[in-house]
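Lettered A, B, C and D in written order, each chain numbered from 1.
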């Protein structure tokens, strides 16, 4: 019953500045959990509101389950929306909130009550039906908002940064809950957030959005392993970006060092490496053959429990390496070390 | 001392005159004779007509109501100073007094008053007349003041009252500077006189209610007032006040009853006006409530000898000093208003 | 490639449908008549009863030129400013107490009790003030009875009496609009501010005041605007001190038949009042 | 000063404000029971003015006319005003102009608006009568309703209506079941304002009334010209008494307190 969400060339501009959406093509496969990730002001909420019908596109088509929806008013799009502020109706009890959509669809009272109980059970809030929203905790309010959206068995679920208002510990727990509930309901979900860890852990597919343009889309692992641009590399996780002149199988840094990668990307002048893929070696240690190796001067090592972060410098190039807490050569700031990593870990960038 | 009129007697007198029951709409000040319930009921019983009242609070509002409601009124009270203007604007129609029994008893000089007979035809039946002089609280004065100068008496600084009306203020100042109210030459003298009056004033009154309350509570001890109202303050409200026609002269006014141009009940209107100038109506009105002097000599004569109007307005020497208010061109009226506002604003 | 009858167009039509009844009614009953009066203010005479009239700017030359009317405009704006100031100073804290200190059970009743005085007849209220403020009136009797103070002379017929009468008539506007905007400020906001160590006064100043300013400013405008044109309270309570532009405008309609000048004066007053609001609006926004 | 101290100071302040608001009304009520027609002290209890009032058919008729016109005005002005406030809240183009247009009916002295209406209705042929009076009253009441409801609307979280729409409620259902309950205090305050503007409206009624018809303020204003009798205080005291009872009843029904 769940449906695919498809955006084709969707644009929306608020006045002269950068467009909120610039010819965006995006597909949320049926039943999947799609994380739309972007800094604030990137237009991600606008995209969500365009799908929900609270905004009207200047151009482009929005298809839900293959049917055009851009001319439909919000109430006829059959979508469940969870707002960042939860937007629970202050003058209604939890049960009335969750049952609101069912009442709008004129379901008989008996069935309505059953569906409300079912939705509350799904979010583990049985028995709280009589409470008023302002008598609930943040986590509870968030789950009521979810139950309300799911109760109508929508064709798709739209979540606008649903966890941002929660504290750290509760957020981690709710991430797991959210994913469980979505799987059980099997509903197509478009989820908007600026928190990359949340996007990576929850999503089947993620899309990176910048200034209204979809920079990259794909499974989290692929997008993380093979960012398309320098911005994507730096925005999603941490990365060291090398800039040089193209060379066969890699590129040559201004200071002559060679960076090799295994993909077929002739002519690429930029490449990125994740700090966790780098192994730190003493100059005297042997470098496995075929690996990249750069020597640099250690500036600082930051120990943070399970891992340690190392900042190094090579001329005007800042480099970073991440090692498990206890491992890595004993070195003091100012020592020279070798950063080594296999070519397949290097990600050539388009621009 | 009030003698209840036998309704039957009244009914007989008017039975002949009624031509089909009509609804007469009267436009007048509120509580100024025509809307006395007993008078209206007596008239309605005897003629079968019904009487409905609408009120105004200034002559300008009365004229505005006539201008914007052609045909809405059948009888309207107009001060003789405005009758000519209303006639020229075509707001009121000439009155053929045939069939009006009491017209013959009207005081000749009033019946032929040139203002009421604008462009040669009777436009306003003289009804009541009176004087604007002043009244004082007799408990506050050893001997009765007789001159307007009492308002400028330094001993009474801050304890005198005037009406908040530019025309009346200028006319009183004219009298106080020896000029005629209908022909004021020396406006500078008027301005200086009024300038000197300002510090003397406790406040300005603009309605009978104001006057009665300010006098009763001692806010002022002497204030300009209308003779009819002074009569009411004594009879109806029992205030210890005496009315005075000042030596320098007083502002006389003559109120006439007119029939608006668009009226459809002219005969019924004439019957009502006839009843209003009937001595029996007047004596009861004066006795129970207190009224200005009647323009009907029979009615004036029918008053008891203790009646206020007979004592105060009866003596010829006082009448001599009264000058009836004439029409004032709009331009002059605005000039007086601006002067009065400047004085009040202390400029 | 715009979608067929786009949502935004349908939304705009919906909004227009909601606006239309109220604004058509206002147009027919207020704006057109006032436009007629505005037209009138450019004539020499009221075109009734066959008077001849001509188009002129004379009315405005007098209204703005003559010292009497300029002085009265100044006094009227000052009076309106003072009354508005008193209403805000008295009404704003009262609104805060009503919204945040009084318990929910009694708040509804007290909220309505502040509206009730509006329903008593304006004239009777003003006369009641006349009774209260008169020398040997009820207040004097009470003050002399309860306190050693000796009240010399009466407050009646002074500018203070007019201010008291007007503050009494218009205070509820500030209390109510203030209440409506303060009650919308979440308690959690106040608690957060208190938890950060702000004293009660600082909370009012830094949190409640800025957030409720738009409501109170709207209330202040509802006071300032009509008070500038008031004529009943000044005339009855002001005595000789009671001459303001409002009373002069009334005279043009009741003492003389000079509608054009009366209209010109009121449009000058309206322009002055709107100018003051336009100047104070940014100040209010800046204060937030 | 401790928290408790400040709260009591606050309650005292509100108490003083209410005392100030009700002082003249108390005097009015007292004077309606005082025998002297000119409010002379000493106070002498008497029902005299209430007896006169019972006999005064004209004043009673005026009071009833005032009440039903005020109720009609409140109903119409509140409906139109609330709709306009909601529309304005959506920020249509020209919103600033539309909001500025609300001020002239409040700013221009009612004397001018009254005369303007009289002239215009006369020219257009509507003429005078209770219909014209109602048109005038509603026009003066609408701005107050719009301003009061807008003050409340500003505090409304826009996502609420959007949430309802997304759940399948049409624009009207969403407004009726979500926005309106939140607006209740504002709408009721607006209605009470509208009632007050009409009930206490002298100028417009005076100009637009047909002969023979009258409303309470007009009756009182005219009576004041000629020996104002405390009968007027009696009818005003009765009206205040009735409306106070009515208001407290409304307060019971619509618990303003907890409607955030």
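We take it that a residue touches a chain if its C-beta (ideal position, glycine included) is under 8 Å from a C-beta of that chain, and two chains touch if they have at least 3 such contacts.
Nothing here was measured: the structure is a model prediction, and the numbers come from that model.
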{"item": "Far-end chain from chain A, centres as C-alpha averages", "value": "B"}
{"item": "Contact-richer chain pair [B-C vs C-D]", "value": "C-D"}
{"item": "Separation of mean Cα positions, chain B and chain A [Å, integer]", "value": "91"}
{"item": "For chain B paired with chain C, centre-to-centre distance based on mean C-alpha positions, whole Å", "value": "38"}
{"item": "Chain C-chain D separation of Cα centroids, rounded to whole Å", "value": "15"}
{"item": "Centroid spacing, where centroids are CA-atom means, of chain A and chain C in whole angstrom", "value": "54"}
{"item": "Contacts with 2+ other chains: residues of chain B", "value": "57, 64, 210, 213, 217"}
{"item": "Residues of chain C whose C-beta touches two or more other chains", "value": "11, 136, 253"}
{"item": "Numbers and ranges of chain A residues touching at least 2 other chains", "value": "53, 73"}
{"item": "Residue numbers on chain D that touch chain C, as the complex places them", "value": "3, 6-7, 10-11, 13-14, 17-18, 20-25, 27-28, 31, 39, 41, 80-81, 83-84, 86-88, 90, 92, 98, 100-101, 103-109, 111-113, 115-117, 119-121, 123, 135-136, 138-140, 142-144, 146-148, 150-152, 154-155, 171, 185-186, 189, 192-193, 195-196, 199-200, 202, 216-217, 220-221, 224, 228, 232-233, 236, 239-240, 243-244, 247-248, 250-252, 254-258, 260"}
{"item": "Chain A partner contacts - residues on chain D that touch it in the complex", "value": "157, 159-160, 162-171, 173-174, 177-178, 181-182, 259-260"}
{"item": "Contact footprint of chain D on chain A as seen in their complex", "value": "52-54, 73-81, 83, 85, 87, 89-91, 100-101, 104-105, 134, 148-149, 152, 158"}
{"item": "Residues of chain B touching chain C in the complex", "value": "57-58, 60-61, 63-64, 67, 88-91, 164-167, 198, 201-204, 206, 210, 213, 217-219, 330, 333-334, 337-338, 341-342, 344-347"}
{"item": "Contact footprint of chain D on chain B as seen in their complex", "value": "25, 27, 29-32, 52-55, 57, 64, 68-69, 72-73, 207-210, 212-213, 216-217, 232, 236-237"}
